[in-house]
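First chain A sits with chain B, and in the next complex the same chain sits with chain C.
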Partner chain A sequence: MSYYDVDAILTDAEKIPCTFQLEIPDLGYLDNTPTQPLKAGTKVNLPLWLAEMLVIANTGAADNKTFVTFDLPRALANDVVQALKADPRAVPLRDQSAHFYGLATHMLDLSEEQELGSVLRKTFVTRASEISLHARKVGSVSHKGKGKGEGAAEMGSNLGVGSAGEDFLRGLDEWERSLFRKAHEGAKAGKEWIENIKKN
Partner chain B sequence: MPMYGDLGNKLALHAKRTQNLVHLPPYQAELVRAVTREVRDLDKEVAKLLEPFQGSFDPAADQATACTLLVDHLSMRRNKRCLLAYHRTRTDKLEEHVWNGVDVLDLAAQQAGNPNGGGVGAGDGGVASSLSPQEEDYVRQYGDLLAAYKGQWTDIDLTGSLEPPRDLFIDVRVLKDAGEIQTEYGAINLTKNSQFYVRQGDVERLIAQGYLQKLG
Partner chain C sequence: MALSLPPGLTHAEVSFLAEMEMVTVVPRQRLDSIDLLSVSNLFPHPTSRHDFFFFFFFSFFLFFPKLTFPFLSFQGRTPPLRPPHRTDLPLWLALLLKKQRRANIVPPAWLHPASLSEIVHRETKENPTAFSEPPPAPSRADLRNPGRAHRQQQQGNTETATGAALLSPPFRASCTADAPAGYLPYHWLEVAESLLAFAGDDCAALGSAGEIRGLLRDLVEVRAAKMRDSTKTLGAEEGSAGGVVSLRGVGAMELAENRGFVLGVVDGVRRIGASAEATRREEEENGGGGGGGYGAGRGGDDEEDSDEDMGI
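Moving on, here comes the complex of A and B:
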């Protein structure tokens, strides 16, 4: 992940729920009340770029308290995790967060949710194979004119995926989308290359 | 309520959009100015917060101030990253154009004439271009660098096509006047809408620059 990576920067803008542990006079604006002090115990949604350091940073006091504590964001709430456990393919990740995996990775860095990590790993693997399947199918649609019998069979199988496939693709997060794009381009380039070989 | 870093995020979104476009959208001069102004404001605030301590600030003794300073610092750092990433995305694109032989400055001027391309950058300082003055300078100097680099090898064109030619000679049509060029077979005067049968190697650059169109 590069410093200049625009996707990483946008991922860092995802917000997570935080709770301030001490009263801070000058930060009222974070809770929409710029004229008043930010009271201890106030819950504020902070972007990752801010929350991450505030969570880690030590106040320097003897009790080793941090400035803020955080909770898992809505995107990684228990019901979402349960749904992912049941069937990773049935959850539109994009509705949870456009940078779902990026957000989750950050959260795993900050917390010790052991189970979450394994659920996410399984989620990605299951969905990745589904993604590559769709990526190949989309490629075959544009080629349906070529090779009569074969084309018809491909079209048939494409109809099989139908609208359910479209729903699935709409629910991909940014990382999965780039995976889809690469799988699609790879399959297309491979096909073009083979056709070129045949021609010459 | 707007927060520090919100404007920087807008720049990041612009950068994201730019990545997926063929041409460079107008430079967000106003936004860039606003983000840098925000950094300056934050810096002033930090100076004001630290002033009473006379250089002997103890974070453990004044945690609230320490936290405010940290938030200010992180906001500045965030803005810096957004600014750098935005400009880097654009210069990457510009370098790509230079390598591909696209006349960026010419293109930018054309785009500015198009009403859809009109953004914050276009209405700026009278110069109708989607590039900032610094970017125009960058393109010019990068082009010079590339030319100097290429000049080391006279028998190979580093920016030439990687496709081996099928025919030595091709038919071309002239899309815009390009003046007279010298070839092994004498001079050709390239006037608009005329057609020629020429050696591909002689006109490759002109095709890439959009002066000529390859036929057949």
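Moving on, here comes the complex of A and C:
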């Protein structure tokens, strides 16, 4: 991940629910009570970059408390994970978070959720082969779609994926979209080459 | 990001390389041997085709001397063409002569509809998960046909290079008339498409062009589906033989087409497993025994690791 990676920056801006462990003066406005200190135990949604710092940072207190503890964001809540376990393809990840996997890998770094990791990996590869299928089929007969990813609706798809496929493609998160783009570009280049072979 | 091209060769580059494949022609006119680019003759006449060739090979040579050396030694004099005798020529020259109606191309045996449908059958029924085998090593064709199977042996001055050169695809003579049926060579799609496009009448000797084309489409689809599913094993749970994708027998064009996707999947899996991998390493460093608990991530992670080492 590069410093200028827009996706990484946007991932860092995702909010995750945190609980403050200490009372902090002058931060009450985070909880809509600007005149009072932020009480210990308050739940606040903090952006990932800040939460990450606060979770790792040491307060120097004797009991080794951190500033905040965090819960898994709603995108990675138990019901979503259960749904992913049941059928990865049926969950529109983009509705959970546009940077689902980015967020998830950050969460994996911070917490020790081994099960989440294996569920995610299974989800990713299962959806990947589906993505590749769609990428190959999108605009397979006519090239009017210009191949700009999801914009190219299922024109001339011979798979009968139709509107269901469109829904699936709409539910791709950013990692998957870039995967779709790569797969589609490969397939498109192959088709163009076959069509142009007579010309040179 | 100075270069916007994706890693690996593009389709145009792959089909350009495929023109190095030897095919068998039946000349219709006499033609003396042509002095082509070779190590001893690095500066060709400024015809456009040779210029391009020269530029391409020379720049390639600068970057990958080991890879290109066989190409250079392979260039040189083409055998003289005498009408009734078959000769092996590189595809580009054969197509050129074909366009000028000075030669007919003998399509390789694997392009026969029977051979293609046998391969389709093998790919779909007998072994629905793996790609069909590449053609066997060239020594067999050599034994049957010692005088003619490999042109560079006739040249005399490059004999030292033949031993190593025989192993790389353009020298396996996998697209000549002697090539065994039932095996897809490395450049199968490119050669088949070029032959169908430019030498359709010669291919008609095998069967109708439409039939061949249909079978080729079937093969492309079947193998593309396999390529898609090959990434699924990366997510396999512990205990199964997950994480290994054998790409043996995959053609150059398929590789070019799927490189971006497969690398994307592998990289994604690596990133998802990165934290589990880091934990496991820490554990190993600390206690020497990871024990259970992290097993779920293990099979795949080792695989990803080696990928990282290779710099993919």
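Going forward, the second predicted complex is superposed on the first by the 182 of 200 C-alpha atoms of A that agree within 3 Å, B and C clash if a C-alpha of one lies under 4 Å from a C-alpha of the other, contacts with A are read in each partner's own complex, and residues count from 1 in each chain.
Throughout what follows, contacts are C-beta pairs under 8 Å (C-beta built on N, C-alpha and C of every residue); 3 or more make two chains touch, one makes a residue touch a chain.
What you are looking at is a predicted structure, and each value in this text was computed from that prediction instead of being measured.
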Which of chain B and chain C A:24 touches, first, second, both or neither: first
More chain A residues in contact - chain B or chain C: C
Touched partner set for A:6, first chain B, second chain C, both or neither: first
Touching partner for A:67 - first (chain B), second (chain C), both, neither: first
Which superposed partner A:50 touches (first chain B, second chain C, both, neither): first
Partner chain(s) touched by A:120 [first = chain B, second = chain C, both, neither]: second
First (chain B), second (chain C), both or neither touched by A:32: first
Set of chain A residues, in rising order, touched by both chain B and chain C: none
List of chain C residues in touch with chain A within their complex: 6, 10-12, 15, 193-194, 197-198, 224-225, 227-229, 231-235, 237, 253, 256-261, 263-265, 268-269, 271-276, 278-279, 293-294, 296-297, 300
List of chain A residues in touch with chain C within their complex: 101, 104-105, 108-109, 112, 114-115, 117-118, 120-126, 128-129, 132-133, 135-136, 175, 178-179, 182-183, 185-187, 189-190, 192-194, 197-198
For the chain B and chain A complex, residues of the former touching the latter: 1, 3, 5, 9, 12-13, 15-16, 19, 49, 58-60, 63-68, 70-71, 74-75, 78, 81-82, 84-85, 88-89
In the complex with chain B, residue positions of chain A that touch it: 3-7, 9-10, 12-13, 22-27, 29-30, 32, 34, 47, 49-50, 53-54, 57, 59-62, 67
